[in-house]
Amino acid sequence: MLRLSVASWVLFGLAPVVVTAADTRAETLVVVTAAGPNSMDIHGVGANRPAYGASWNLYDRLVSFGSKVLPDGSRSYDHTQVVPELAESWEISPDRLSLTFHLRRDAVFHDGSPVTAEDLKWSFDRAVSVGGFPTFMFKAGSLESPEQFAAVDRHTFRVTLPRPDRLALPVLASPVAIAINSRLARSRATAQDPWAMEWLKANDAGSGAYKLVAWQPGTQTAFERFEAWKSGPRPALRRVLVREVPSAGAQLALLRRGDADVIFNLPAKDARDLAAEGRFTLASNLVENAMWYVGLKADAPPFDQVKVRQAVALAIPYEAIMSSVAYGRGRALFGGTEPPTAATWPSPTPWRTDLTRARTLLAEAGYPEGFASRLALDQSLADPSEPIALLVQEALAKIGIRVVIEKIPGANWRAALLRKDLPMLVNNMGGWLNYPEYFFFWAYHGQNAVFNTMSYHNARLDALVEAARRETDDEAYQREVAGFITIAYEEVPRVPLYQPVLDVALRKPVTGYQYWFHRQLDFRQLAKP
Amino acid sequence: MPSVAAAESVRSPPPTPWRLLARAVTGNPLSLLAGAMLVLFLGAALFGPALAPHDPLLTNASRTLAPPSADHWFGTDQLGRDIFSRVLAGTRVDFLIALGSVSLAATLGTTLGMCAGFLGGRTDRLVGRAMDMLMAFPLFVLAMAIVAALGNSVANIVCASALINLPFYVRLARTETGVLRQAGFIEAARLSGARTPRILRRHVLPNLLAPLSVQASLNMGWAMLNAAGLSFIGLGLRPPAPEWGLMVSEGAGYVVSGEWWVPLFPGIALMLSVLTFNLLGDTLPAVVDPRRR
Amino acid sequence: MTVLTLISRRLLAALPTLAGVLVITFVITRTLPGDPAAFFAGPAASQEAVGQIREKLGLNRSLPVQFGVYLRDLARGDLGPALTTGQPVRVELAQRLPASLELTACGLGFALLVGVPLGIAAATRPGSWLDHGGRLVSTLGVSLPSFFLGLLLIYVFYYRLGWAPAPLGRLDAFVLPPEPVTHFLLVDALLRGEFATFRAAAAQLALPALTVGLFALAPLTRMTRAAMIEALASDYVRAARAAGLSRARILLVYALHNALLPVVTTLGMVFSYLLGINVLVEKVFAWPGLGSFSFEALLAGDYHSVQGFILTMGGLFVLLNLAVDLLYGLIDPRVARSPG
């Protein structure tokens, strides 16, 4: 049935046969967003961020995270609290090398077949075999090969680890660790495509709280509550329609006229206006473990000199960026007075704007007249990276550094990051798992991952990051974290600007929005009375 | 049969562009308006940066998105830059883009078209095929692809704009030249031993100038709109250049939130200049066509 | 010569053009500096992962080999997968083409309904205020960037006045679509006699079609005016006048019939130009057409989609020219009989 209706949508390219009339509108939550999913399968090659969101709602995972109320009254997931989803309970062996999950017996997939340990085995084998993003994420929790996953019996599933890893359980709560209906998927697999990548791209084989009613790529995705869902409290919303509206102005008009209930991820400026107006609920959460920054290529002149990088850090107009780019929404990552700690990560740097000192440092580094360089930004993130770049360009000119701004289209941006030949760039970086050493391992460590956009290398920092990853003693861990942050902030290969906010605007009757680390909308907590 | 008419009119020496313009402008009220606006825009393009009350690039975090006032006639943008100064300074950039792409397309297109029309045969077929091929591309998307591939500099935007306007000039020059080829004075020139390049330059080209100037005038407006469209999808000029299309597309989102002045003033400037060129283009045939003189 | 021979000859003659488009498009998409493999490998990918994907996509092979593969797939009707939306390009195009065509046709229809009468009126009284006013109005439409015009229309007619429905594509999500026959919503709704659906679809179309139509107004008005002035000055119209035929008859039967030829030519060119400019209008109105699809694909380096899109447009262009030729034949039977 499901397949039929999806196929008819895809073929006809029209709105679905979702029952007519005004009462449908009343019980449907209409979400508008700039871009939609390009796949329903988070394991697929090139699945984009909205695809993670779709998959999050269509599929269940073994475990999930609890929720908490933040001091400002907003709701957020709680990374300290792992809660059951498909698994009713689980044990961790004393040597921390094996995790045994007991599955709930009443869980069924959208086609009515029961969820078994075999399905999890197949799904996890798939995640570590297909390469790309899921394999990478699983590896972050030391989950590397199919031998590590075993279906002990119909409702018992075991994961074994080569070494203790405290990220293993959090990884299993992350969006990639989905449970796929393996019987259904295997029936669609072919010899060339044993993991049914082709079929799952456009079809739903999940057991999640919502099922896919129809998907028109580039236009809209329709979800409907799965009435047999047992893995958590029954969601309040019956139907959700996610519409793609590229223009921010049009999004705002839709919300204000009541044709949309939720704008997911809106520009800082619009968020500020809506917040001041009070007619809408605005959920604003700092994005964990994330920052906007100016990266300086640290392995080539002129930014191979610490003094040049420090001069840049002293020239940046932080306050102007905070007020006219971030509109005051976001946490300043500059002008800090306290020493950094793991608890306050991402913590502010000690830098603030001081052009006199910047000029002195530049002269000491041998560039009294300054120099010319290029400042690159990702065209698909022009808001806010373009205004940031403009302000930085203007400020650097004051100390003699003349930069040309280069807007790089999305397709070239990734390639440019991989090539690592951009002398200066404006970028943002966020880690899913909220640990400073995780962030530093990818963004600063000398292994030179893509995220180390500055090609920075410092042996002392590397040693501290590695030590912190393995650390069991909390005091030593705190010391190591403070150590590597201090080095990174002293040598500033990347100049942190601010920690961004994820803003979601909701029409007043809509309640229950909860922030998730994957920065996608979870329909289950939302209600529209 | 306008082409035949044009061929007949060649006996009298072709009037200078200035006389053409002056005659056109006095003829009807819209042309007068267009002429006046052209003078205004040319003045802004030449002296705009000197006349601007503020530095068009200077940001001011304490005066962002300020509505029009005595100090900032057109208000300020999201970075506190003075929109009036930016619109003034943008005149030069926009006119450069328009002028650059149109003159490039006109020069190249006319040369190709003249050769095709005059030589005929294989050259004609080859040029015709190439133009058919070019026309079969969705032109705006082709411009997008070129700018995406080569980078968003003024030169590349000019080239992309020129390329997509090329077929119009080729067609025009080819048709007109084809007609002229039969004319007596060309035959006479050929008999007196003139070489093809010389005939094309001295005898054919002057007779093409009038219809070409009409086409060019219309194309100036198009080129500006093309640049604006490229800006809208993020393939416009490199920031912080004050270019109208870029300013409109950056400000487009502010309409709903109430800061209408951000896109409106550059939008009006863009609109008026495109209007100017189109009205001029409409006026020129009245001068060129001998029957309506 | 029969119409059929004309059609087949024209199509045959268009083959080299299409082949050229094919080759150029292939070269352009492969020389775009972006690396689709890097884009689709995702943010976390290492060089090796990107290499794997490059291999999967066949991008590590030489260009001639890639071109061969492309031709082979094309011969089978396989345009490859659209990397940006995950669907086969063929499906995407089939789905989006009617949306774009419907929008463009409606816009052009509007421009014809307004532009031709305006042009005729202007031609009857050249130099009058009607002439100048019409010229000013039609030129204004082509003077604003279409994306800005679209946003202004949304602002005024949807946001301020509430007359237009939400700018959300072809049909309100809560209206039952008609059974697809032609895939043009307006036509399908009428065929099924679903007038409420027709009204809903027409309401969605109004603003984007107006945006597109305003853009086409100026060239059509200008061309109609010029052709009519010429026709009115011709000998047969003078003769008709001398014969004492009524003014309306002279204008509509004799003059207009002859003025139609250049108008039809302009129409064809404007149509193909509009299909290109739709990229911007579709983005503003969240219209699920070809334009919005192609520009996303271009920015993502999604070469399958870009190739498929350009090829489709090239094919459309050929068909359009053919249609114009046939129309020519209908209006002026001499053209269809004479070669070329």
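Quick notes on this structure:
Order of writing sets the labels: A, B and C. Residues in every chain begin at 1.
Simple rule for what comes next: contacts are C-beta pairs under 8 Å (C-beta built on N, C-alpha and C of every residue); 3 or more make two chains touch, one makes a residue touch a chain.
Predicted model, so just to flag it, every value in this text is computed and none were measured.
Distances from each chain's CA mean to the overall CA mean are smallest for chain C. Across A-C and B-C, it is A-C that has more C-beta pairs touching. Measuring from the averaged C-alpha position of chain A to that of chain B gives a distance of 46 Å. Annotation: 39 Å between the Cα-based centres of chain A and chain C. Per-chain Cα centroids separate chain B from chain C by 23 Å.
Counting partner chains per residue, chain B has residues 148, 234, 252, 255-256 touching two or more of them.
Looking at chain C, residues 32-34, 151, 155, 159, 283, 299 sit in touch with two or more other chains.
The set of chain A residues touching two or more other chains comprises 247, 249-250, 253, 256, 379-380, 409, 411.
The touching residues of chain C, when paired with chain A in their complex, are 32-36, 38-47, 49-50, 52-53, 56, 82-87, 91-92, 94-96, 98-99, 151, 154-155, 158-159, 162, 166-177, 180, 183, 185, 283-286, 288, 292-293, 296, 299-302. Residue ranges of chain A in contact with chain C, taken from their complex: 10-18, 20-22, 24-25, 28, 30, 38-39, 44-47, 131-133, 136-137, 201-202, 216-220, 222, 241, 243-247, 249-250, 253-254, 256-257, 259-260, 379-380, 409-412, 414-415, 417-418, 449-451. Against chain A, the residues of chain B that register as touching in their complex are 57-59, 61-62, 64, 78-80, 148, 151-152, 234-235, 238-240, 252-258.
Per the touch definition, chain A reaches chain B in the complex via residues 247-250, 252-253, 256, 267, 269-270, 273, 317, 319-320, 323-324, 379-380, 382, 386-387, 389-391, 393-394, 404-407, 409, 411.
Those residues of chain C that touch chain B in the complex are listed here as 16-18, 20-21, 24-25, 28-29, 31-34, 127, 132, 135-136, 139-140, 142-148, 151-152, 155, 159, 218, 222, 226, 230, 233, 272-273, 275-277, 279-280, 283, 294-295, 298-299, 306, 309-310, 313-314, 317-318.
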